[in-house]
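So, here come the structures, one by one.
There are two complexes below, and they share chain A, which is joined by chain B in the first and by chain C in the second.
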Partner chain A sequence: MYVARNISADHKDLIHDVAFDFYGRRMATCSSDHSVQVWDINDKNEWHCTASWKTHSGSVWRVTWAHPEFGQVLASCSYDRMAAIWEEIAGSTTQSQRRQGHWIKRATLVDSRTSVTDVKFSPRCLGLKLATCSADGNVRIYEAPDLTDLTTWEIQDQIQTKLSCSCLSWNPSRLHPATIAVGSDNTNPAAGGKVQIYEHSENERKWNRTSMLMSITEAVHDIAYAPNLGRSYDVLAIATKDVVIMRFDKKDPAMIGPAPGRNTPVQLDHQGAQVWQISWNITGTILAASSDDGMVKLWKANYLDKWKCIQVLKGDGSSVAPLLMQPKEAARETRGSSLPEPSVDAGFMSSSSVESRVNLPFLHVWI
Partner chain B sequence: MTTTSVQVDSGINAISTNRDKTLVAAAGRLVFKVYSIEEGSFREQQDLRVGRINLNYSCNDVVWNPVKDELLATGATNGAVVTWNLNIQRDIRNEKCDMTFPANGSSSGSIRDIQFNPHQLFMFAAATDNGYVQFWDYRRSDRVLLQELVHQEIVFSLDWHPDERQWLATSGRDKTIKIWHWESHEWRLRIDYTLYHIQSVRKVKWRPQRKYHIASCSQVDDNAVSVWDVRRPYVPFAVFEEHKEAPTGIEWYDQNVFLTSGKDGNIFQHVFKDAKKPAETSNPVGLSMSLHGDIFHTSALSGKNTHQRGSISNDITSVKRPMFFRRTDRTTDSFPAYESTLVYYELKEDREDSEYIPYERDKLHIPVSVFKWFCASAKEYQLTGKPFGELCEENAKIAEGLGRHQVAQTWHLLRLFFVDVSQLMPKVYSKQSSGGSAEVPSSQTSTEVDRDSANIHREGSMDQNPPTEVSHAPDSTTGVTDEESDSELDKNKRRNKMLAEMDPIENPFTIEDEENYVGEYNWWENAANENWHLPTEGFSHRHEITDRPPTPDTLHDRSRPSTPPPKPELDQNLQASHNHPLLASHAIDQAITKHRSEFNLSIKYRPLIKEMLAYYADAGDVQMSVSAYIVLGDKIKGEIPSETIEHWFISYIELLNRFKLWTLANEVIKCSDHPNIQMLNQQSTTIYTNCNNCEKGIEKHAWACSKCSKLTNPCSIW
Partner chain C sequence: MAMQRREIPEFIIPVSGSQDNLLSARWGQGLQLMVFSGNGKRRYMAGEADVAVNLDKPSVVHDVRWQTDMHYPATRKLAAQSHEIFTSLQKHTSDATDGTKKPQLVKFSRRYRVAMMECLEDLRKAASDMAEDEGDQETYKDMCQLYQQLELIWNLCEILYIENLPGGVILQQLLDWVKLHFTDADTLAARIISEGEINISKDYWSAVYIYVLQGRLAEARHLLSMNPETQHDVHGAYARIDELMRRMPVFSVFSRQSLAEFDLKWRNWQEICQQLLVDGVFVSYQPLETICRILAGQQDVLDQLQDLAGDWYQIMVTKLLYTNPMVKAVDLQYHAKSCMDKFRGSSRLLPLDQILLAALEYDVTQIIKISSSNLSNWWFVAHLADLLHHAGQLETHQLDFGATMREFLLLEYASTLMARESMWQIIIEYLEHCPVFGRHHLELFVEKIPLQSEKKAYKVLKICDEKNMDDQAQSICKVMGMRALQEKRLGTALTWCLRSQDASFATYLAEKFLTEYSLNGNFSNLDLIDNLGSSMLVSDRLTFLAKYRDFHRLYEEGEFAEAGELLLSLIEANLAPKQFMLILLTDALPLLELDVVVFSSKQTSQLLMCKENLLKWYQSEEYTREILPKKSKGHVELEKEKMELLQLGLSRNLSRALLEESVRT
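What follows is the complex of A and B.
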């Protein structure tokens, strides 16, 4: 059961990204108003904005947390062609710093000539690395050689993808060499696959493109590898017109697991709405996808590897819709709902149709 | 009209169009040319940079005479103003300065821009280097009408609104564009809007016939020309990115077409339909899911707010804040909504009191989130310290209590594979003792088990073709009705049937409490004759030991064979059992029986169990894989590649750490038999200490605080 709570953020323009930290107790938002806000949850389960400060001189597209092992570190990227590293420091604040909290800028990465569209820290096993991608199609890999000194970032590699990049994702698997999937928001179907996967070769000391997903021809807005918790294969979710889930079996014969051959992409239908951002749950079993109609859909695979929508959350927080509405019904619901209801049960009682009864207990199993 | 351009030889500092917008003059340090604007192209008309060149002709700015089409004026970097007559192609410079307006006092500094007020004949405004705007009356050179600080630093440019009499836009090095409301009767400026530019703003120019639109370009480092809606201060309405270097001059042709010059030596004619609109391509929603399953979601307001916005009156001066509602333009050029909602979806357990995982034996409590069942089972799972069968049974109960039936069944099966079947053996022998055939039921049993588990596995590993019976499965009474559970039920039924066949006397799955469990062996003792007593004490002890999973040993360099060989004494016993007529017939040692069966079964089921572990890892439940691996211990040793084991353990430990279950993570490390995992515990741990007086972190010396200069406590307990 999801309980929706509206939170008033003091952002003056659109919020483009929200990001939970490693432990799920902090959250960062970034907005077109050039600022980043950090939120903390207190003992009463209430979220409070503990810091809000101007980070860039353009829309801030993304914000992301580093692994807490490296401290409380945030990275942001912006339309002003920069990415910035922020660190929270312990100590007392003066009155003037109050609004910024303890966050200070550690580094500015100014290599891009165009808008930096995404920034992501590498999985922890690769050390403290950062990948950025920009609208002119460049992916840059930075590394902090000294973990205690976040002011120095060396540009390690630069990949030219030839397509304007909109998003990237590190493969979290430890068994893999460093791998990055890059999505492009190029709208021209003739420009080729919009998702490219690059793998770092230790021997050649460079990033090689291992694949270009030719089946993805529409603009890609978000891309996310599922957390790899001992899995024998990798799962990649791609937000294009719909959400596409692809899996990549390991070539390594030493790996055990079910026989390959089920790596055909799965398409999750969002009924014509444009999906902009996706997020995996911690075990990589449930995918949340949010689209521009303001809805969040939670998808989960059943034992046949068929992905089903297990929950629909309405974006304005007014209600949590019951499951498996017919498309028309769903559209009507969206338009018609005006009275906010603080909490609605996920439909266990209310809905009695056969379909919903069949699908509801998914939620019970494991989110 | 299309976007076109012309390449001029070198960088252009300014452009200006004549009154009819048919000619454009481009001036730069090394260039001064006039082009005619024709349909779709520029044509060079005149090159004025001929003859003797001196510094006076190195143009910084150019402006056309608003009345006489042949007159041009340029400003040079050395301060010279030159006027040009196109007809005679030379400068007709007026040597004498008509009037000087002394920019005196605190506001002194060089003047960056001057613009006449189009609505008040004699008034002009000047932008100064130290952030002031000055208003002058053309007829009065002795004093400034009004002087206001408008920017923190240099004011680069200003522009009067062509229609709104009181609006003045200024731009400066402080990366802002400000729209001022000039209240003429009070003689002061009031700020109406502030736009936040990406860089210091070199030039601003109002868009004709659009009340709220203004074009701007940056001084350095940004090659885009932006057109802003002043009501949206952070995101430009339209962006034109044709220039390769910083743009310098902006001239509107009409409301949809404008010309720009750039340091790259190009003049561009921009058309609005080719503009990039960042607001339309920027991400309107954000989403993040925490490890607890909670979701933060943000999305642009839309839908129901539209009519609200439309109903607000057009009179912007009467409506003050919020700015959002002032968006009423008669034109169609408008933004999508630019306000976001932020919603926190908290994943609540169905039970109210579930603040903390209340794992209660015997009570069915189904947690919704991964967090709950993961932590509950991480805490409750028994991994070591008991006989294998007991561990499996305990863990099955735990899983059952959390509503994870498939996991529970797996634990049951594990127990069945390695323990229970061996317990069936005595029954077999007892039959033999009463004259029946020994081998037939035994083999039947094992094939049953085999088939069943194979079934389970096939279904469990997500076969492409769903078993046909799933769709026809009768609705059960348990309330679990999805397909997954259907098959589960099916499986349950099959298993129950199987168990019923297998063991009519006592179904191991119905054992309710531990007393029963401990007394499991009693039934055959009572049923059979007295000879079934254990021959020696030692054997029963050995049974205890061999049945227990290996305690975590510290000597991991001790290499183990891939399959555990039967222990020597066991071999002897086995041999003895074959040779010794007494043992072979009646008084077979229970432990030997057990060992033999376990040995056989473990070989038989190893691949199956291996696949089962991999299946759980693939299904996102690495906890099950690791727990089962630890419990199985020697029984599965060597079957799974060590790097897979390492991968599982590290993943599980990472998860435990993420849920802040550090103690449990350490226990798992302790239980592992993989050298790399063991090493995790031997790496260094840093403990940060704070001063007990001022709470400042102690950095250098452990015994004294650098801030309050006090000695810390000599000893602490935590």
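What follows is the complex of A and C.
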């Protein structure tokens, strides 16, 4: 049985990312309209926008929450070559600040010379670290040396991957040294494997590449380690042409590759379509993957580790008037004239509780 | 039996432009997805990197949740009740001996069924409650249907797997099963009787036939006796049929009758029925003839009464009753198949048919599999699998992964509850009873419980303590401490910090307290600081804070000598932040002004030394570059003045002390 609630966000352009906070009670959205919005859920399960502010001077690709141990902290990354750290502070706000809620910019990370394509906080056991990757192939790992002062971020390491980076993911496992998987959207199949895995060496105090997945030759758009709840191996999902699921044995952290038996990568079929975004549920048992055909497929492994698509989500296909594609400058003007800036309160409108219910008495859950 | 291939279900989201801009989804807590249209990466790849797109409508995010079955009032009650049964079942089976185990398990199974029935009753009420909106009513109706089916399946499983009586003669229980779930005859009979004068209608005979088909002969006889025709029963036909029904032998495991004895009696009785038909006793009483034909076990009469006989499984029970009353449980599957072939024909088997058939075939895995892929409900499979596991029925069936399956199902059930925040205590208990992965899920889950209040945080911490989850407990304390700090509640933050033993956070907070002191000249949260005890050792700065506070107390109490000594040791130990040094030294001033000499000449020299060090620091590059610019001019003046006062006070004290010391020697 499904319940769907529509929340009317105030973004004036495409939303690129939605991120839940650690408890799933707050949500941040980011958009090509350069802004980030923060939403809070109330006891009646309704979402309310509590802050909306301009964060960058370009499309904001990703937004992500730090663990609440470090406070209410967000990081965003953008086409404007920057990543930014935001912190929510308590206190009263003046009218002019109201749209921004209590979010203040703590730091701007300006090291990249090209678009910053992804930003992710490390698992909390590693402290407050942040990884970014950019279109010029650089992966940077930052660290906040003083947790009580988020204005200072030191670069711990900078890795040149030699391939334009599109996405990265921290291995959540605590038993492992810090590990990051980086995906590249380079479209040349001859350029080598499009997923590289880096591991931090405590002794050398640097990040080393431990493997390059040679079997992934198509452009990679998203990458995500599955939350590990007691499995003896790590699972990495890769969004490329179709989705590829890789298993890494804990005993041999190096790439297992297309070896025979249980370590063979599993291909989740999207009919060869490009898959752009993937997301694991919190127990790492269901993967949501969205592909070029406008569909989101939910994949689930059963207790014998066989993967199956259990559900498809689709738009209703009602195509609105074709979107206006305009050069940036022109767009700004039109925006100025035809779309007046919303009044101060517009950002605070509550979720319109348009609720559609679909009763599917025989929902497919498989074991 | 091969699983039928099903199409993958589709869920259509009313979103515009998903073709052009893609649909993306992010997981929330539990079974919740945020679905939105848009993906900039694609635009970026297309070389239109930062081209602005003006949407003519505001963008929409869809909060999609599913398997919300357990989130309605009626089912929430079921979740709570079944949780209670579940936990006492886990406790029970660990300390039960084999002899008492089975009857206890039957009791547990019945308790589950009672909970289901109650839930069903609540759902029925809600479905017909006009106060509910139409969409909800529809939902409740669907759920009624679902829970009816679930109860039917559960009951059959209870008979076959939990109760399984010795000897394997099972008919009586199957009759009870049918009687419990198919009550058409009762409804009809009640209506006919309530009308007062018995009207011999089609419904009347339908009720009688169904009673007979279900083997409920007492009810059938009662209804027949109300027929006005029995008053002038000249041919004695009614009396005859009544006699036949009254004398039908019934086998019961609890009677002392042997199977052979019963068999003999039964054959005799049915021969009489057949003889009466041959004799044509009921020829002019058509309905009575039909009844007698049922009793005589004639197959063709069932075809005629197909509308009343019910589904294939009901027909199977009827058939067995009048042709093979001593059927063994293990043979049921052959009868089931033949009835299904005969009465279902080639029409597609519904999931319910498949599940009941699997149950009769003793294929437990198949029951669980079909149920979980069709019934949209983890509650049922999780609890049933658990019960069967305790009855030892899950492992024996050619599975070495029976326990894995039970755990898998329990974990899935727990995760459907996760979206509902109030269920957290229930979820924890389920996770606890999953031996392999439960602990890991528990660790993840405990951290993810939203902590809206201190009270809730303490509740969760208590659970962490009970289950030895130190890492999680520490993280919770850190989260709470950070939140208190954000809200500028320093005392609370420190309390949480001490619980988590977080040294760097303690240092930070101690400094906050000291800054507060240097600004206002007094401490907040005095009772907390005064009672730090050994926990002050978490961080040097915190130790300093506590000791510094001690100094103030000693001074207030007039213990000047001790206060002076403590102050000196604090200054010497270098525990204080550099910026605090001047405050410490200034604290010595009143002691220098006293009539008695507190500091000896040696101590005074030490103080002077510290003062000189401080002066050096004031002239250092670090100070002039980083700290000086932040201070106001007045502040700097004041500091200078204090230094001069110190110099004066210390020199004077030195001479006084020297004098006094020389007098003493």
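Odds and ends about this structure:
In this text, the second predicted complex is superposed on the first by the 301 of 367 C-alpha atoms of A that agree within 3 Å, B and C clash if a C-alpha of one lies under 4 Å from a C-alpha of the other, contacts with A are read in each partner's own complex, and residues count from 1 in each chain.
Criterion: a residue touches a chain if its C-beta (ideal position, glycine included) is under 8 Å from a C-beta of that chain, and two chains touch if they have at least 3 such contacts.
For clarity, every value in this text was computed on a predicted model and none was experimentally measured.
Legend: residue contacts after superposition of the two complexes on their common chain; A:L175 is shown touching chain B, with no touch to chain C. In the superposition on chain A, A:D305 makes contact with chain B only, not with chain C.
Once chain A of one complex is fitted onto chain A of the other, the partner contacts of A:H221 extend to both chain B and chain C. Once the two complexes are overlaid on the shared chain, A:A190 sits clear of chain B and of chain C alike. Of the two partner chains placed by the overlay, only chain B lies in contact with A:S232; chain C stays clear of it.
By the touch criterion stated above, A:D10 is placed in contact with chain C alone, chain B being left untouched. Once both structures are placed on chain A, chain A residues 1-9, 11-20, 22-24, 27, 29, 31-33, 47, 58-59, 61, 79, 90, 185, 221, 228-230, 276-277, 279-283, 285-286, 288, 290-292, 294, 296, 302-304, 313, 315-317, 320, 334-335, 338, 357-367 are touched by chain B and, in the other complex, by chain C.
By the touch criterion given at the top, residues 175, 196-199, 222, 232-235, 278, 281-304, 338-350, 366, 368-371, 373, 403-404, 459-464, 466, 480-485, 487, 610-611, 614-615, 617-622, 625-626, 640-641, 643-644, 647-648, 650-652, 654-655, 658, 660, 697 of chain B touch chain A in their complex.
Those residues of chain C that touch chain A in the shared complex are 6, 8-45, 48-69, 135, 138-139, 142, 145-146, 351, 368-369, 372-376, 378, 381, 401, 404-405, 408-409, 411-412, 415, 418, 436-437, 439-441, 444, 447-450, 475, 478-479, 482-483, 485-488, 504-505, 508. Residues of chain A touching chain B in their complex: 1-9, 11-20, 22-24, 27, 29, 31-34, 45, 47, 57-59, 61, 79-81, 90, 174-175, 185, 221, 228-233, 254-258, 262, 276-286, 288-292, 294, 296, 301-305, 313, 315-317, 320, 334-335, 338, 343, 357-367.
Chain contact summary for the complex, chain A toward chain C: residues 1-20, 22-25, 27, 29, 31-33, 47, 58-59, 61, 67-72, 79, 88-90, 115, 117, 124, 147-148, 166, 185, 219, 221, 227-230, 274, 276-277, 279-283, 285-286, 288, 290-292, 294-296, 302-304, 309-328, 331-332, 334-335, 338-339, 351, 356-367.
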